[in-house]
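Look at the two complexes coming up: chain A is in both, with chain B in one and chain C in the other.
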Partner chain A sequence: MNNASITKQEIMAVYPKVAATMADALGCDVEQVKLEASLIDDLSAESIDFLDIVFRLERAFKVKIPRGKIVEEARGDLSEAEFDKGGIVTDAGLARLKAYLSEVPAERFMAPLKSADIPRLFTTETFCKMVLRQQRAVGVTAPAA
Partner chain B sequence: MGEHFRAFSFVDRIHALQPGVRIRGSYAIPADIGEFSGSLVAEAVGQLAAWAAMAAVDFKSRPVAGLASSIELLAPVHPGQVLELSAELETVDAEAAAYGGAASVDGTPVIRLQHCVGPMLSIEEFDDPQLIRDRFALLQRAGAVPGAFGGLPSFPLEPANGEAGDCLRATLQVPTVAPFFADHFPRRAVFPGSLLMHSNLELAAALAARLPQPCSGGCWTLRGLSDVKLRAFTPPGERLEIEARSTHLSGNAATLTVETRKGKRVISGARVLLAPEELS
Partner chain C sequence: MNNPTVTDSGLAGSVAIVTGGSRGIGRAIVQVLAAAGMEVVFTYRENAPAAAEVAAAGPQGKVTAQATDVRDPAACAALAEKVFDRAGRIDLLVNNAGVIRDNPLSALEPADVHTVIETNVEGTFNMTRAIIPFMISRRRGKIVNVSSVSGEKGGRGQTNYAASKGAINAFTRALAVEVASRGITVNAVAPGVIETEMSRAVRELAGDQIKARILLRRYGRPEEVAHAVWFLSSRYADYITGQILHVDGGFKME
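Here is the complex of A and B:
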């Protein structure tokens, strides 16, 4: 499934529940969890918060969200070596990442991008799309908001 | 071997293991120690789950304390009792182990943990993998000789400024030297998250004692924690600030938040749930 098949309407259907879940995990007001908010830069999330959010989303939406799935899916048919060289995302990898994380403004993809810094790009919408992909993977056709 | 597998190890037998799925074990609380807190019972359940998680990944990585959605403190335990421990793994992979678990004494539940998540880190960073494998084999066969744990040194909270009616602050001086550091962990000494939780609960109990009485009279008791999150390791010798704050108070329930900071950095946070003490 590619990003083009996820509509804004679908994203907005799951967004309120994703935002509430993220606000619980981050201990912030739900109003702060804007769709375009960067988890790390805007919401001060740390690595443990990412785990917390993923597990809370799994329980809230009753889906399994495999960790590391975003990078794996973004890589597509590129090999690991084609995607990442010495911990830095290659040009080909960066192009794939930009296409996959289409919700992230282009200016935030700073080259060189360390693979370890990919989560810095994630926004609330990234998690909405993650939920939608997993819902589709298990055959949920209408987003359960 | 020194204090390794003695000073902070709370599983002395594994009775059943379904790899990656569930595990049962036990721990005999030494009779000659002063107390064994609910935080240590939670630690025992977490350690049992950790054995199952480590076995599931062939001892390449181990979970460390991270998140707990809910910890219900159902009954106190006493030295000399035997904890029956169980844990069910929700998932285990290279990044995290998720589990729930419980402990009982003579069939009576004393603690229940739900939706706990431990980030998985390289086992070599913390311990000798071969020693861990050998210990696992021992726990599955003959079991460890009970009674190794000699209790904990005291690390009292020091009152700090800034108290108000609904808020208490204290400083925790983490010891520089303590027997448990050699067990948790031999290659990277870390103040155990469960001991930090114990200090958090101590401050929460002090604040609870200041709250207006419940409708039924008597006093408030600690019933459990929710949304527990450990954000960072605490090395020996750190000085931490802990704050407990009342966030909800009604006649028959109260909620506190506790937060631990090292300077501006938040180290841990949790909600503490209070209920009226049951009068007999």
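Here is the complex of A and C:
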């Protein structure tokens, strides 16, 4: 379940439904929800919106998305202490995040990065990938468009 | 807008979940909300005959009993899904389920503390966590928690119960802040001494002393608490959030 195994084609297959779901949650036009849009910086999402988006995606795609899943999966086999020191993501942690969030432009990973600010990196594509990973986890092979 | 009216609470046709609805105050809440035209799903833990009685007494098909232990987060989540899948909406949550294990602190067993906190506090967390995503998504909803006079005024032999109800008050105020931007209000009612099975022991033990401290000189009735819950659930309370409404006849402490 690494990033390399998710193709652009698969992402584009779920994108319309993810974008529509996010537009509903954020009360914006679906056209604004571009694949590369940052939820917080471009779409003015607040932390409570993330809960709502994940909840709506779960229902729209009939998958379960555990809270905190993105950071947990990005961290992989790094211990929490190796990933985060005093609320700041370590160099090793930053490397993991860059690899995991490959859809986010490299220049946006600016050190020092506070762990609390990790969600600022998330884009629409991040959520497309999250849905696809969870679909695979429950054995859905063809992504529902 | 038409002329002001005080006949339409806005509750008819909407859906409520009430925890601990088979007896006492919870039962009265179920009955009052059903009378206001709501579809009410209430939980109970053990007393199936009492629960069946409450369900049967409601308008046809409008009151449903569900055996759900609020201490179990998965069971709360399952109930929320079930109600939403069937009704397509959840408008109101009343966190009423609670237990009491009174004893002076030195005589309290760890289990007495644990049981009270687990049901009263964690149960409120569990059911609210299960239901609030549905309300956030709809940008509307009301939550009413059943606290107690002891949450603020204390009472001998009630450290565990008082702590649990104080926690509910704090929970009410904090959650009100968290979800206000999503059109959800969170309030609590704080009953005083109400004529229920739960308060029977304390009423029998210290009835005269207690009544002397109640300005209205009588115990409350379950429906008097239910009417306060009805008010906080209705559209008349749309502009009220983060409040603890005391329904205690003017209860004074020493």
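A few points about this structure:
What we mean here is this: the second predicted complex is superposed on the first by the 145 of 145 C-alpha atoms of A that agree within 3 Å, B and C clash if a C-alpha of one lies under 4 Å from a C-alpha of the other, contacts with A are read in each partner's own complex, and residues count from 1 in each chain.
The working rule: a contact is a pair of C-beta atoms (placed from the backbone, for glycine too) under 8 Å apart; a residue touches a chain by one contact, two chains touch by 3 or more.
All values reported here derive from a predicted model rather than from experimental measurement.
Legend: residue contacts after superposition of the two complexes on their common chain; A:139 is shown touching neither chain B nor chain C. After overlaying the two complexes on the shared chain, residue contacts for A:46 are found with chain B and with chain C alike. By the touch criterion defined above, A:86 reaches neither chain B nor chain C. More residues of chain A are touched by B (comparison of chain B with chain C).
By the touch criterion defined above, A:55 lies against chain B and chain C together after alignment on the C-alpha atoms of chain A.
Put simply, chain A uses residues 46, 48, 51-52, 55 to touch chain B in one complex and chain C in the other. On chain B, the positions that touch chain A within their shared complex are 66-67, 91, 93-96, 98, 115, 117, 119, 227, 229-231, 269. Against chain C, in their complex, chain A makes its touches with residues 25, 46, 48, 51-52, 55-56. Taken together, the chain C residues at the contact with chain A in this complex read 133, 136-137, 178-179, 181-182. Of all residues in chain A, those touching chain B in their complex are 24, 27, 46-48, 51-52, 55, 59, 64, 66-68.
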